[in-house]
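So that you can tell them apart, the chains are marked A, B, C and D in the order they are listed, and the count of residues begins at 1 in each.
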Amino acid sequence: MTELIERAGAGPDAAGAPPVELSMQQAVNRALRTLLAEDPDVLVFGEDVGALGGVFRVTDGLQREFGDKRVFDTPLAESAIMGMAVGLAMNGWRPVPELQFDGFAYPAIDQIVNQVARMNYRTRGSAPMPITLRLPSFGGIQAPEHHGESLEALFAHTPGLKVVAPSDPAEAYTLLLQSVRSDDPVVFMEPKARYWDRRPVRLREPSDPIGTSRVVREGSHATLVAWGAMVHKCLQVAELAAEDGVDLEVLDLRWLKPVDTAGLAASVSRTGRAVVVHEAPLTAGLGAEVAALVTENCFRDLSGPVQRVTGFDVPYPAGPLEGQYLPTIDRILLAVQRTLEY
Amino acid sequence: MRPVPPAHASAAPEHISVDHLRPDLTRALYQAMRTARDLDAEAVALQRQGVFPAYVSVRGQEAAQVASATALDPERDFVFPTYREMASALAYGVDMVGYMASHRALWHGGLYDVMASRFGAVNAVVGGPVPHAVGWAVGERLRGGDGVALSYFGDGASSEGDVHEAMNFAGVFGAPVVFFCQNNRWALSVPNERQVAGGSVAARAEGYGMPGAVVDGNDAGAVYEATAEAVARARSGGGPTLIEALTYRVEPHSTSDDPGRYREDTEAEHWRVHRDPVALLRAAVLAAGHADEADLAEADAEAAGRAEEIRDGVAGAPEPHGSELFTHVFRETTEELTRQHRTWQEEVEL
Amino acid sequence: MRPVPPAHASAAPEHISVDHLRPDLTRALYQAMRTARDLDAEAVALQRQGVFPAYVSVRGQEAAQVASATALDPERDFVFPTYREMASALAYGVDMVGYMASHRALWHGGLYDVMASRFGAVNAVVGGPVPHAVGWAVGERLRGGDGVALSYFGDGASSEGDVHEAMNFAGVFGAPVVFFCQNNRWALSVPNERQVAGGSVAARAEGYGMPGAVVDGNDAGAVYEATAEAVARARSGGGPTLIEALTYRVEPHSTSDDPGRYREDTEAEHWRVHRDPVALLRAAVLAAGHADEADLAEADAEAAGRAEEIRDGVAGAPEPHGSELFTHVFRETTEELTRQHRTWQEEVEL
Amino acid sequence: MTELIERAGAGPDAAGAPPVELSMQQAVNRALRTLLAEDPDVLVFGEDVGALGGVFRVTDGLQREFGDKRVFDTPLAESAIMGMAVGLAMNGWRPVPELQFDGFAYPAIDQIVNQVARMNYRTRGSAPMPITLRLPSFGGIQAPEHHGESLEALFAHTPGLKVVAPSDPAEAYTLLLQSVRSDDPVVFMEPKARYWDRRPVRLREPSDPIGTSRVVREGSHATLVAWGAMVHKCLQVAELAAEDGVDLEVLDLRWLKPVDTAGLAASVSRTGRAVVVHEAPLTAGLGAEVAALVTENCFRDLSGPVQRVTGFDVPYPAGPLEGQYLPTIDRILLAVQRTLEY
């Protein structure tokens, strides 16, 4: 039902839709309902996504609404979940598997990298893989080991995958519609730390093409580049910096593969300075790619090297140290200061 | 030792007997199970008070854990646990303040010394540590030792590829491993019927050419005997065994779980009331004349005291210092990490 | 249908019978096996001539492959092969020039249309495609179709976690899958004894609650019947079956291999001489009176002609154009890739 | 026996050792013999490493010489191979597992990332992991799918791992000794394309610390940064460029984690220009990290952005397209030209 209302009159810029107050976890749930209702080939499955509704309740009520043929639990085996998605796709379905937590994507990496990402290529387009892997991702919730990982660099480095990380509920809704409707495999990284933050949301149909970033705050002194939960942190930094008269632009990269080189270049060629922020460890993180792309495209405009504020090169720590591992507002502000003073 | 189909709840007896066991053993089992029960309750309370961010209860699985760990020799064997082995750790002699520190999220693997305890770090990857037990056991044979590795895992874990690979390796290498599956009927929200094709984890053993045994996981004496037999076989070069201990997770999966969404409480209630392993053992110890009410009251008091002590220890333990982020990554640290440590000092520690 | 211990070489009979089968079927099996044999020889020759960078021979496994593929319906079933399924592809009706193109390294997955052929792409990850078969089969049930997925894999592959996970999924979902293990006794240099704990892949079936069958993989009629029975069961909703076809890899693992380093040639020689599946079938067809020498001579000539035709086709196939690097990565390409395509045009194509 | 000769008088710079003609595959074999002989805790295992001597014959003769307790085949299961290494290390052994090909490291990624790399951290140093994973790596040999992959970015991004890729036989010998003797887990990536190239080799004890790069050719106009088989290609480029009067420095990064920031900075601050070359796909490849580090450390000295010449963002192709996928001499020369003209 809801999805009919949501789609009603939903042109690319259906500003007419009334805003609703939703958390990201609810927005993703809404998107899944829309998708299950509009396309009988969409299947939602994974560990505990059925009766339980997922450990984050993202699939809450879906099995009741769409039945246990469309929304079902699997045994506890990540590699088989992704392998099953491949076979389902080869039988005409549009699989939307969930892996319960980022760190438990590792047991499925072989299927993701060696099979999902390559089947269209291997078969020269005969067997496309319209699979969207939903992966609760990133840290910030004081969870046990393996529940706070950032795998975007690995996915972005894998030819054949598209990768996206929404930063707020409205984005999550729209980007998930876009990901699932795409005929290519997409890794959809949901920032767990933002699951419960409620915002007034207009549920919109996708309009921006895959691979575009968005400026969430305009500014002129430097560009902060981030994705997932770090976008929110960068907005906080921008607020604080504004008090000191520093005017920061915040760019939500959102598509982590393909990366919006043009969007990055447009912003940084105006501001002349960039700081990229991510939760993953520094070395070989996606921040290096962002820095390289910015430098390649804006070399003459850059006042200093792109600053990277990231997790340290250490395994993701337990509760009390989490806040000291993740980029802090202070560390980002110091990086802004460094780039301004360069 | 032939596998039998799992006999859950209804079929299982409401009494157990320990007449055939040594009194000092049954008293020790009772003491450890009782302590684990109290410590479990303390941990749930600590979670409610916000001291633990979350907790995974072992309630109802004390017999499976304590009796299996008691069948091992902590001087020469080695245990590879999951994230739900508190009662095993306790029975095996692990420093419990260090163990519970993992639930307080002070350090993911816990704060006990893994090598000195001969009890692996708390491991959150379902199935992941099972091949470690096989590696350890292969290594033990290679050096001519007679130690045995015991690998704990759940019914859900039995679906993971790593568990299969580990069992096949153990069979091929004739490694001294006891694969100890606590089938508590649930893997989070998924029951055995939708998890374990064929319905029996133990039945898999035959396919690897190893003995498989199903045991009543709430009967401490039965668990002890089955484990002791498997350990003796492994120790004497007879290779691996797979034990499936049938039990039940009476509590939610963790303190964050909401089991009302996926199961009837009557099932858990049945196990709580009629198949409580501590109560079953208590009655059996009395029936066997291994102890009287006064002895057990004393044991109960001691257990409560010990549990409180551990609770106070873990609640009061200091938080790790931020610089520990950098201390244990490598044995031989790198300049890169030293630089990052400095950044941390300048920008985070402030 | 109960698993029996694998009976290799010595125990296996030196004659087979096809008296109980339809003459047109046995002639078709012979025709396909004979063609596969000739094509295999052509492929080895092409490798020696440098046309193929490498080749993996199916010699000695023609009965296992052809008879199992023949038991399927290419209109509604789907095959998930490994890298050593040439004879299956041929029997199933795959475009063989497109199939052999993978051995000429023109394109990793081959150049046939996977979806139109209902025969998956050549897959080099040992164990990797097995869960695909389960996914396909689950999907088939969901849409109410009666197709069956057949998954080929080797004795070595049986050690991989993916194969276990797939079998467990198939059991839990009651999926219409035939797990078809060609146990050719060797996984590269490792023999069954050091690969398969317990000694029997088929024995694993019971642990998943599915029927397991051991069949003489060099007896085309026996393979056909076992597969047809499993397919019929799957088609009618009876769920998965595991078939272990005992055969032997008489050739090196691949043309790059040097089996003299790890096995006695006498073993291979025994299988070559006494258990050759093509010769066994030939004798049985004659004995059953399904064809006479003249018929078979005609079949042989036809096979040789067909093999030559395929050889010429693949040897003469054009190399893919470099721009194809970029064509099939995505259905909806990206600006990034378009840019890289341009770089390639400017800097590589020149 | 050999290893005694090799070690005899082997001070850090045992230039006294006579040069022998060896391929890299033989040099690695020699190193394994040295290690097996000097340390009874070293174990070599994996698929087909025993009687066969490995598919590349790198372990040729080792089982015969050291017995099947020290050198042994495992069943065909990569995850269990690495999981077994963890358990062996916990029982006091020094495991040197082989995974047969780069692409088949993916099934073992969970054990490598979630277990091997973290056990020392998880146990606060109680259970160190002196494991060296030998991984025949990279492309260039017209092999089947999954036999030409470059996983260095993934490994370098994983906290707790050290990563090295030798570029010639002498380096392979020394770096393997150093890796196996180290008490930390090391991924040792052997460039398959260089296995058979014979060179006069002095077998040396390690002297340079872990994490140092080496300049294999000095030059003043620009620095080419590479590892594995690409070092050889860069040397060819430098020869050609020299004919046109362009004087290129070639830096063999060799340690891919930790990366030698000081060495990179020293070279590029002199030359003012850098081109990084690798086989892996462009996006989020290790070239981005090299570019970011160079830019962060040499911003004022740089005449232009670091150029990246890499594989394309496509799955590694079959034979005839391999040469068009991998960085070509022309592509590297064009990048050199771009940076000189910037």
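Note that a contact is a pair of C-beta atoms (placed from the backbone, for glycine too) under 8 Å apart; a residue touches a chain by one contact, two chains touch by 3 or more.
The chain list, named the UniProt way, goes like this: A, D = Alpha-ketoacid dehydrogenase subunit beta.
Bear in mind that the values here come from a model prediction, so they are computed numbers and not experimental data.
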So which chain is farthest from chain B, going by the mean of the CA atoms in each chain? C
Count the touching C-beta pairs: is C-D or B-D ahead? B-D
So the centre of each chain is just the mean of its C-alpha atoms; given that, what is the distance between chain C and chain D in Å? 36
Between chain B and chain C, what is the separation of their C-alpha centroids in Å? 44
Computed distance of Cα centres, chain D from chain B, in Å: 40
Express in whole angstrom the distance between the two chain centres, defined as the mean CA positions of chain A and chain D. 32
Show the residues in chain C shared as contacts by 2 or more other chains, in ascending order. 107-109, 125, 159-162, 165, 168-169, 172, 194-197, 324, 329, 336-337
Residues within chain D bordering two or more other chains: 75, 77, 79-80, 103, 107, 110, 114, 121-122, 145-146, 159-160, 258-259, 283, 312-315
Within the complex, which stretch of chain A touches chain D? 79, 103, 106-107, 109-110, 113-114, 117-118, 121-122, 145-146, 153-154, 156-157, 159-160, 257-259, 280-281, 283-289, 291-292, 295-296, 299, 304-306, 308, 312-315, 342
For the chain D and chain B complex, residues of the former touching the latter: 43, 69, 74-75, 77, 79-80, 82-93, 95, 110-111, 114-115, 119-128, 130, 159-160, 162, 182-184, 210-211, 258-259, 261-262
Residue set of chain D touching chain C in the complex reads 47-48, 50-53, 55, 73, 75-77, 79-80, 103-104, 107, 142-147, 282-283, 312-315, 317-321, 324-325, 328, 330-331, 334
Residue set of chain C touching chain A in the complex reads 78, 80, 107-109, 111, 113-116, 120-121, 123, 125, 128-140, 142-143, 149, 161-162, 165-166, 168-169, 172, 324, 327-332, 334-337
Contacting residues of chain C [partner chain D, same complex]: 53-54, 83, 102, 104-109, 124-127, 156-157, 159-162, 187-190, 194-197, 256, 258, 261-262, 319-320, 322, 324-326, 329, 336-337, 340, 343-344, 347-350
